[in-house]
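I have placed the structure first, in the form of structure tokens, so that the comments after it can refer back to it.
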């Protein structure tokens, strides 16, 4: 029962700080929820770009000794959610390269939609690809650009790619941060000491004592040079299409992304949800931890009491012991357990953030019913997830998305719930105070940007 | 920022089940919150008692292969919170012994108050102690008893000890479960398949598919023999003095202990708390995870909205990297972080379950104030912890208990809070529906049982 | 292809040295060949006895930090070859005990032949046994002795045990070393700095810069007290019966045991072997590493050239990959490989120290024949191993000892060798300069001491 | 006291065998002495090239499960001795690439002397380098070649490189093996089942049950295609200059390299050495394990007895404990120890294969003298190592090579030996039956090939 949808990455960059690699380390630590498979940091000391990356959590990969070898006053870092392939080439970032202008490292959050075409073109021109990461395209584009300065080459390169990208580039003396014209993935700018920080989420700022300045704009390239203010270059006209799923599920509740606090957006969704097919019930029960903020919002709006009817066990760790015959639904039960005496004979509104395959929801309903719940009404604080994401989230194929293949009634029956209701597309947009169409909602609509 | 008070153990026993050691394993898994340093399981197959124990979490110590070597239809298990000594002798349980009646294993949750006297007497009679665990006394008392049957020896032995104990004994063919006359530590009896289970908390029953029968009574000894119902022997007149801290802090919210659901008791405490020095505020904020149920109760009673103002990060793991100078209070911040935009300028009532040394509370108040909280009112869902526990909880000395050394105002000043209020002793008792004086509250009163 | 016969232990003691536990560590390091499963050190600082023990090699179990916690100026240590049981109780030494005179730790090399009787008697008197080690008997005997001083109790205790023992006892202020009346297992005394060292083999002295004084005598008890010369007490009349297998196989070639150098004794055996069924051959080939010294001796005596016809690969480590069908005898081949071009068409005399089950020898002969050897004549530098050892060596049962179940010709046929000859019992005794019957040769004769 | 000179790699290739990756695994296992830092295997199943590589020994990196994912009937493998850099990019092989003709993997033993020039040229043409390995040049040269077929591109590529290389290329359906025109590094061809094997040393053939066919010729390219005999293409006129150090030190004694058995070559060197500055002595003592074969040869030629005067301890493993003040030369002593009673008062001829920095030899002489040796005469079975190797061996700079900076007498004095003699250049060539100048001896002469 791992998270069913996975963000592919977190990025961070520190510029002009005496303990750059240490700040990168702690920033990655606070962004661990965005990728747990592999991580890495590159630092630059004016002469060389040093890189350490490996499989594992940030706290497992880095030791004090290793951080010390990452010398210099600038550093970039990356957490990765690795797609499980049958190959074990180390697809970790930063991607490092020696090229004609020296040494460079890149970190990338997002997904390039024209990666294959770009790669094919590059390969035809003699490039070789040593990993399975989209990001490798970028170092090739930069290396092959006919511009003479790195800045111009970066501009050249990003003009050739499409898709979702929040990027940080590190050279021996400079740092660059760039966001795609849609601003699909978040990227924020802050001040730390006398230097600067960019990070996927602002929760990184809080941990390292940095001060939020503003978001990097969609289509904006920021150039960091020693002794100067970050210079802003507008590469593309911004046409905001932020990933609304960051609000629904991915980002940490204490982060501000796309200019708004995540927790509050989720509470808004819960509030709106209270109007969808409203019913009377004894209590609002969140599916922890994802459903908690929306359940609080629902409760506040409806006046129905909020209760911790399902407990989440945080000591799990992997178990390798097979259950006995009697132990049904062990995987769910080891993580989630009902408070039986609380819910027995009660009418529950159960709030979750989203449904992917539907199997977990089914197990939860069953568990609650077995614990004696009189009625279980599932309420989902986002619309039905009907389409896969191509912009940096690891979703199953359409055939495995339950909402793409069943009607609402069929899903409700499948789960064994007494009713099932989703937040509407419009209500979701209202929850996040959307004006015009500034969010990408392709996973709910199938209307893709590219 | 490990938990500041630690239960010393969990115990479990399975009798007459074809997969006894596997059930013991999963039961210990669900009781992992009661001890994370070491664990072990002994099984009996009619001929031998097999034992595996080691440092580490249940999921780390046991593999499928090891569980298979723990043959037999009965098994007992133990989770341990090890007091950090400078010695590395393996103080894990079950304690195993070969003695004149054969082989035996014991698990123990609690603390013997006359352990030193008993040990000194035993040592004078030639006994040797190979560990630093109280429990070793029991196997000596049993081995040296002049009774001829194990049952009588157990009775003999428990009559010589004082303090808190929930014990499970395993011989080659039988199992025994015993609770001290005060019933200080919990122990429940259930039915699993055609056999029986005893466990420190009922959450173990839920995971393995067992059915709750009743609690083992204070002073009761249960004898499990193949093909028979468990036989109950009243060894001591029951004089219930249940550890009220199980309700306040230790037990899992989804467990029923001492006949009542833990989550509901905590909510009751929160409800009562709403009447202690009531103030107006913008929101109720729990210190997660301990303060959550009481905060929900407080909110329901007061009508002040419940908000997740402080987020808990579950990806922590140990970090070995020293923070930079700017990073203050890193240890707290890596675990807890405020939702700044939610609490900025707001008047908060912050609910926690208890205060031990006061340093964590101080850091939390500081963190909230730095995040912009207008006022922080600390509310504690138990009375001031003024005295150490000698019945199985690892508390600091009195000199390190802040409430034993400061007045309420001094503590409030120390923490930098705008007000501080505790639940009264009487209100706590009311919250848990106490009749007469059926609870031990020595940690709040200094009135010890022995 | 682990070693087929295994010594059960190494012991070491350091007294009156400012870095006692560190010296114990390095001594155990040099004695690692006597036990690789578990190890431990106890130190005494006048007030307490500290103990650290665990599974693993010395270099794996101990860190600088741990050595530092082993405070004090005396220390004892132990390496253990663990018999593979199905139980995972930590049977490591030192055995530590709190008893009526305070704290004590013991290490033991050897095997007690009356362990069961002593244990049964102790158990009848109320003792409990928490491990499966013979050594536990000793702490019970000491604890239960009616003498008032530890010295007298040790004397009392050793008078009750039979078998092989080289023991070191550590109390808070003193150390004692004792060897059984037969002197079955080695134990030497040395001077290190201003203090003393005792160890199973003198190779430990060389590493830590100690100077050899003399062997502890059979039946002698040495008492170490601060500021005094070691005091010698003759507990038993010495009747030397040293384990001749220490010379044949166990001890390190650079150690002097029982007053003579091991390498030279093995060379002598090889020299004698040259007269047993002498044949002409192209070269003498040792089975490395055990057969090397005897092969050198054989070559020097016979004049037939010594050649490294079989190479030993030291990079092995365990492999978990199953071989393919074609890969026969993989386990032997990964460790030993023939130098084909050297032995092709040649007549070989292959020298090994002993044969246990015969399967390894069979594989070696086959490997040499497949590599083209014209003739393979096996020569063993000890008599046929016909009987198990009960004095501290882990031998298989008699039914698994090939020499106990086959005639010489049958064994030769089984191995596929062209001839097979063993050193005679008398020649072995001559090789080690035996006078009278000062060696135990029960494994070759079945004539046991007890 | 790690080996002071280190081979950089071993390579292996298996073609047309149902268990190709398993055979590659075992081959690498037998070649572990040529590189212990990292290893990897790529397999091809006609559709994809699968790669697993990581830090660690072969037995640590691969599990049965991983070998199973390396599907297909051809596989190549690599062991690596990693130069210790401060960067932790994973410089392991096979180097894998996707390029315009599909997928490809390469393994390389050797060192390219024009790597920097080639890389600079490639970088100018837009290539990026993601590792610090020379080998990366090759995939770029192949990818950028204008030829249309892989075979022609490989030919194109190798014509652009200089230096030492034994290469194996794997595409989805074919395998190629190539050796530089000088044949500096070994590479042999064998038959295994119905398929073929190439490997750095023939000891790999023995383990997997392969049959030696012949060496790959200097300048020869072998093409492996399914259902065909390997096709030989002479790319360069062969001008043999085999690395003589393979005979002196690197290759396993049981391997045949460059058409001759390594053990026998070393024995020849020892025999020749007996004529250099001949002296009378009591015994010949090898420095184990490197000096053993030459010492045997010396003994056979001179008639002076061969003795194991120095023992090597194979249980070392790393220790992290600091020695005490008294423990001098701990690092040498933990690995090597003298047999004191054997050498006391004796005149020793000590034979080693080579001297690099001289510090180890100095410690050995000191250790022997302290053990009582009357005289220590060092004899080295190769000429003075005066110049670094640029063809695949990791030698220190010239300033750190003792023989480049001291006269023979100075070295002898530095070591504290009674005499020191090296094998002459001519005698070394005679030992290995050299005709013309078919060996590279640049490390002894400074006469480089490029």
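Think of it as A, B, C and D in the order they're written, each chain with its own count starting at 1.
Here, a residue touches a chain if its C-beta (ideal position, glycine included) is under 8 Å from a C-beta of that chain, and two chains touch if they have at least 3 such contacts.
The structure presented is a predicted model; accordingly, all values stated were derived computationally and were not measured.
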Q. Taking mean CA positions as centres, which chain lies farthest from chain D?
A. B
Q) Distance from the CA centroid of chain A to that of chain C, rounded to the nearest Å? A) 60
Q: Express in whole angstrom the distance between the two chain centres, defined as the mean CA positions of chain B and chain C.
A: 47
Q) Using the average of all C-alpha atoms in each chain as its centre, how far is it in Å between chain A and chain B? A) 37
Q: Give me the residues of chain D that touch two or more other chains.
A: none
Q: Counting only chain pairs that touch, give me the topology of the graph as line, ring, star, complete or other.
A: ring
Q) Which two-chain combinations qualify as touching? A) A-B, A-D, B-C, C-D
Q: Please name which positions on chain C make contact with chain B in the complex.
A: 50-54, 66, 69, 86-90, 95-100, 119, 123-130, 139-140, 143-144
Q | Complex contacts: residues of chain D adjacent to chain C | A | 19, 22-23, 25-26, 29-30, 32-33, 36, 57, 59-60, 62-64, 67, 192-193, 203, 206-209, 252-254, 256, 261, 263-264, 289, 292-293, 296, 299-300, 305-308, 311, 313-324, 326-328, 330, 333-334, 337-342
